[in-house]
Amino acid sequence: MTTLTAATRTKVLQRQGAAVALAVMVVVSWLTFPRFGSLDNLRDLALQGSFLAVIALGMTFVIITGGIDLSVGSLYALGGVLAAWGSQHGFLTALLLPLVVCGGIGLINGLLIARTNMAPFIVTLASLLFARGLLLAITDEGANTYQVVPDSAFVELGRGTVAGFGYPIFIAAALCVLGGAILNRTGFGQNVFATGGAEQSAILMGVPVARTKVLVYTMSGTLAGLAGALTAAYLQSGVTVIGVGTELDAIAVVVIGGTLLTGGMGTVLGTVIGVGLIKVIQNVINQIGTLDSNYQSVVSGVFLLIVVVLQRILRR
Amino acid sequence: MTLTATRTRWLQDNGVYVAVGALLLFNALFTANFMTLGNFTTQLVQAAPVLIVALGMALVIGTEGVDLSVGAVMALAAAIIPLYLGAGPVPAILMALVAGLAAGAFNGFLVARVGIQPIVATLALLVGGRGLALVIANGQLVPLHDPAFLALGTDDVLGIPISVLIAGLLALTIAGLTNRTTFGRQLVAVGGNRRAATLTGLPVNRVLVGVYAICGVLAAIAGVLATSRLAASDPADMGLLMELSAITAVVVGGTPLTGGKVRVLGTVMGVVLMQLVRATLIKHNLPDSIAQMIQAAIIVAAVYVARERR
Amino acid sequence: TSRESPQTAASGGPAASAAQQQSAGPGCTRSRTGYPQVDVKGATVGFSQSEKEANPFRTAETQSIRDEASKKGVNLLVTNAQSDLNKQISDIKSLLDRGAKLLIVAPLNSDGLQPAFDAAKAKQVPVITIDRKVTSQPCTDYLTFIGSDFVEQGKRAAQQMIKATGGSGKVAILLGSSGNNVTVDRTKGFKDGIANSGLQVVAEQTAEFDRSKGQAVMEQLIQSNPGITAVYAENDEMGLGAVTALKAAGKTPGKDVKIVSVDGTRSAVQLVADGSYTAVIESNPRFGPLAFETLEKFARGDEIPQSIVISDDEYDTSNAAQKLGNAY
Amino acid sequence: MPTDPVIEVAGVTKTFAGVRALDDVDFTLHRGEIHALVGENGAGKSTLIKVLTGIHTPDGGRIRRNGRISTIYQEVNLVPLMSVAANLFLGREPRNRIGLIDRARRDAEAAELLKSYGITADVSSPLGTLAVGEQQMVALARAVEADADVVIMDEPTSSLEPREVETLLEVVHKLHEAGIAIIYVSHRMDELYRICDTVTVLRDGKNVHSGPLKELPRIELVSLMLGRSVNEIQKHGTTAFGEDHHADTRPVLEARNLTSRPRINGVDVTIRPGEVVGLAGLLGSGRTETAKAIIGALPLDDGTVLVAGTPVPRNVKAATRAGISMLAEDRKTEGIIPNLSVRENIVLAALPRLSRFGVISRKKQDRIVDTFVKRLRIKVSSPEQKVAELSGGNQQKVLLARWLCTEPRILLLDEPTRGIDVGAKAEVQALIDELAREGLAVMLISSELDELLDGADRLVVLRDGAVAGELEGAQLTREHVLAAIAAEVMDDADSH
């Protein structure tokens, strides 16, 4: 029986830790860089964040069950390629094909993890390779880049705007609200927490742990596929070179958002804040403008470090 | 105990050896010029740096951690070599190892003292470390010419390439360390149940910092050897994705990611297996797409066999 | 992202001094685009680089743009997409946002930059893409492309190879990164080029434009195919790795095994001069002068061709020693 | 009263890697009966329960279930990070109109429900913040509310206080009246005889006796469990403690003003060599904290710990080196290293002593392990067996062995006999006695009053994290202790 010290306070602070960091970053950037607050810049920030947010939403569920999904970067790229190819056959094919295929790979991840007791890290690492291989196979080793049929409804999905804000922003926002509701207000959500909090206990309490895991990885795969499809619609082509290292970005934002990597605790809101933080940092590096490209990753690393250390200190 | 249960248990413990045997057999039968001394030497030389990194990774995984920064540490080591090579190979290598030690100790500090989860703690160095290496090297690949330094990568002792010899010795050392020393057993205890280890009065923080430091030094050694073999310091590419190769090898070798157990010989075999898989795929000239999918299948199969039964 | 894809020594044209081949097809004038006139001198120009300046090609490319910009008295803004396509789009948008009136873009990929081009179009900012051609529409989506023809580079590598081997033998190809269009084009050009010769491709494996992977893959190939007599490497780095591997296997690169690669880095050209490398097809990264000259022409209202393809130089044993100074 | 069976088990066998945990077991549970399931540690009780509930699949035999089963497992099996209310209602949360979980209603219902079990904790805080006993009550409430035909309780009282035990027994009584059948596992004889109708005795995985309990004399029950003759057993009393110990004069351990707000507040404890000091108090009174504070595992706001007059730095390592050892209360998360073998678990704390220049001597290890496996009669197939495969009681002995082989001067025992069978319990108690005689200073925390009264030479009574009194000699009676503890109960009553 684990005993916690003042865990309630912890939970609140943890959530606020990232939010406070984000607020500070935004205010400082706004004051330092006049262009930061321009509507164009904010629109672009939100749009760029929306693709990552969709992927990270699935990752949040996975991590709360105590797992991890390394395959999302590859599935993201694969989803884009499939969507672009599918766009020749109409809107529905373009949208559904990536969801079905990437969701299917996620389902296989989930089945392997839930039924065979293999570590999520290694199973999804294998599907990272597999999905990349599949992507190369259907693009003739990358020689073929499928273009999205121009001026189709599918392009509109990625490029359309409301008040200048792209559709993907609204889609991501809707999904996050839905995800939050599922996590906190449904039986499935409770099962997700229980599975990650204490798997053995959850089994003894009658939680369908295996089913929960399968669902969570399927969801993560599907969402990565969806993010790929949205990206393809936005870029108007099924670019093969995207998604490398995206899994690490997704994990980073989830953790920055206060979700415990060991499982059992986490929030969708935190993840959204994490996405915001990473994108703002990237944006600020651009605003500085003169930073040598080699220094940029040093700065990103240091920022990541500062945020996690701060959060850890706040949590005490 | 039933016979099948015994057999499953045996396969679980020895699956990786069976897989290596099967792959050797396949190659002996179907791959041209495979059964030559030169070919085996090549495989061992290529596997040596991965093995050295994987040994450190196995220790870290034994403590229920993971070190994503090993590739970046290799890059750091590579970037440092040319800075000090003017003073001779020994100072250059020492400085590289010191950098590895510092990086590892820093990771250990974050994990043990600050209490950050290992994946995130080492992710920071994965992101920033290679950038730092590039900053040090000014983004340039530097060809190296010091013959004594290059000998590390090309020479052999009694027919055994130096890098293979070093990797072998390190494997023996790490095996002795984990199984025969107080430190090794404390490490496994920390990985098995950290709270209990703390309440038992084990020096948990010291063990953790030590383990990450060892992992950092080993990654730096691997970086030095790989640099010497390449005859160039290439921080942009050195050790790229090494963390995933090393973790894969460790897990395929039967060390569970849940900690509390370290299999050194299994790790060696895991590295050999993945090396043979790569060699087989290249030698049979399979396209990259198929090669990646086959690798995925082999990883899953190997880990499936070695998995812990509930 | 946190991890850069391996360097793509994607390449460009020849030295700025080299002769230009202007492609046929209708040109592009400012009046056709309806864009305002922007004097290059004193203008704010944005340059979006695709990858870290961590290889000779990228370093030289960025440096060339910077040098020329300061020569022309331009206020230059530079971003680096760190091999992340989405970041390159935001980079370009942020350059526009920060007031760039002219853009030079080194695209990370041939496809996928449409949103960035659309943003530039909306602000009536002309975009010159360098070193890699994109699949969008010239003159509407972007102004023009300056760089070399990768397929052509592959073909010329094939010609060098045929010349060196007498048109027969077994070739191994060291491919660049999978999914990259530079890889695709240089492979296609080379294979087309050797189609009617007696050269036979016995292995083609990716070494991801990386020297150590080139070395590792070559070590494997030379074991399983001891009869290999030629190696085509799609960039110099992989070729240099192959040289190390071949030497270790007791072969004499340049003699027993011919090596041809694309790029024109100093290390490779030096080896050609030393005789342990067969030939290097150049890809010159010094786009600065040409890019700004084109922008000036556009401002003056001159017609700009759809693409400005530059004839690549090449180094072989006959000229490498003299031309070593041109290498980067 | 026995009517139709709700559970029928015939010829069930279950084998774990080399251990036959259940061997051809027949077992029948009738509607409405309270059935005691007893046996030594490792006899197979928990395994039988897990087979009944479908957690383990038996290797052979037949099981017929005739109704819904709800179980409280031996180790508290709840999710510490989730809120109390979420744990209570996991799987059957109240919903609002559109089918989403109604959190406000859930929390309100949870608070209401727990009040009837005497728990007033904040139901929206994580379960892990509750004391172990409170967690056990939550598990109980959860199981009882599940609308089952059968409720299985595997050692439900092992971490409960007398007051809570009463609450629990009341609940059992109510269930019984509602016609629900109960399987009750406990090592506490008093409880069994108070509430159970029938009994099944397991020994080495076999059912050695099934029948009515009341007709079975206590001594015979014990003899069935242990497989020893009645005469042999009659020599022992309720506990195995001997006379009082003669303590040295100068205290070896002095803990002064231990404060870690809000859990403990200025606790003073001194122990002399050869003395057993008991810590008494209600759940949450701060006994575990006091022990943890002494060993340096709890960050302190104030206070010092002196061993033989020298202050000890505030960390476990230093405390261990100074000769303090603590047997933790929760062996699953704070004691055993599950992956390691019995041998490695035993020698863990003593490793530095068993090695030269950091290299461990296997021979010395084997000798020590052998000694302690024999002395504590740890039931293992081999010292190389994984400790996770041992029954709870045997795990506890392994942990005791771990501490004893460091040759400590001060031993802090937090619930050392929890979940240990009568036989082993007597052995452990005798051992504590013996250790004290050998000059060890022992601090004994126990929820069993008898154990404290018989075992301790002096009792420190804690209340709300502060010392409420010290009892010695003639004061060591049930009444005095209860009076000291009960002050809180009075206070509670006043404030209501």
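Which chain is which? They are A, B, C and D, in the order written, and residues in each are numbered from 1.
FYI, a residue touches a chain if its C-beta (ideal position, glycine included) is under 8 Å from a C-beta of that chain, and two chains touch if they have at least 3 such contacts.
Only a predicted model underlies this, so the values are computations on that prediction, with no experimental measurement involved.
Novice: Which chains make contact with chain A and with chain C at once?
Specialist: Neighbours common to chain A and chain C are B.
Novice: Could you work out which chain's C-alpha centre is the most distant one from the centre of chain C?
Specialist: Relative to chain C, the chain with the farthest C-alpha centre is D.
Novice: Between chain C and chain D, tell me the centre distance in angstrom, where each centre is the average of that chain's C-alpha atoms.
Specialist: Those two chain centres are 72 Å apart.
Novice: Quick check: how many Å separate the C-alpha centres of chain B and chain D?
Specialist: Each chain reduced to its C-alpha mean, chain B and chain D end up 43 Å apart.
Novice: What's the distance between the Cα centroids of chain B and chain C, rounded to whole Å?
Specialist: 35
Novice: Taking the mean of the C-alpha atoms as each chain's centre, how many Å separate chain A from chain B?
Specialist: Computed value for the inter-centroid distance: 29 Å.
Novice: Can you list the residues of chain C that touch 2 or more other chains?
Specialist: Correct list: 2-4, 52-54, 178.
Novice: Residues of chain D touching 2+ other chains?
Specialist: Chain D, residues with two or more chain partners: 333.
Novice: Enumerate the residues of chain B that touch no fewer than two other chains.
Specialist: In chain B, the residues touching two or more other chains are 123, 126-127, 130, 134, 139, 288-289.
Novice: Would you mind giving me the full set of chain pairs in touch?
Specialist: A-B, A-C, A-D, B-C, B-D
Novice: Can you name the residues of chain B that touch chain A in the complex?
Specialist: 66, 68, 110, 114-117, 119-121, 123-132, 134-135, 139, 244, 247-248, 251-252, 256-258, 287-293, 295-297, 299-300, 303-304, 307-310
Novice: For the complex, give me every residue of chain A touching chain D.
Specialist: 1-8, 11, 181, 184-187, 189-190, 193-194, 197-198, 200-207, 260, 264-265
Novice: Given the complex with chain C, which residues does chain A contribute to the contact?
Specialist: Touching chain C from chain A are residues 35, 38, 40-41, 44-45, 48, 51, 135-136, 139, 141-143, 145, 147, 159, 231, 234-242, 244-246, 248-249, 252, 282-283, 286-287, 289-290, 292-294, 296-297, 300.
Novice: Using the touch rule from the top, collect the residues of chain A that touch chain B in their complex.
Specialist: 68, 112, 116-119, 121-123, 125-130, 132-137, 141, 248, 251-252, 255, 260-262, 292-302, 304-305, 308-309, 312-313
Novice: Going by the contact rule set out above, which residues of chain B touch chain D in the complex?
Specialist: Result: residues 1, 5, 9, 180-183, 185-186, 188-189, 191-193, 195-203, 259-261 of chain B touch chain D.
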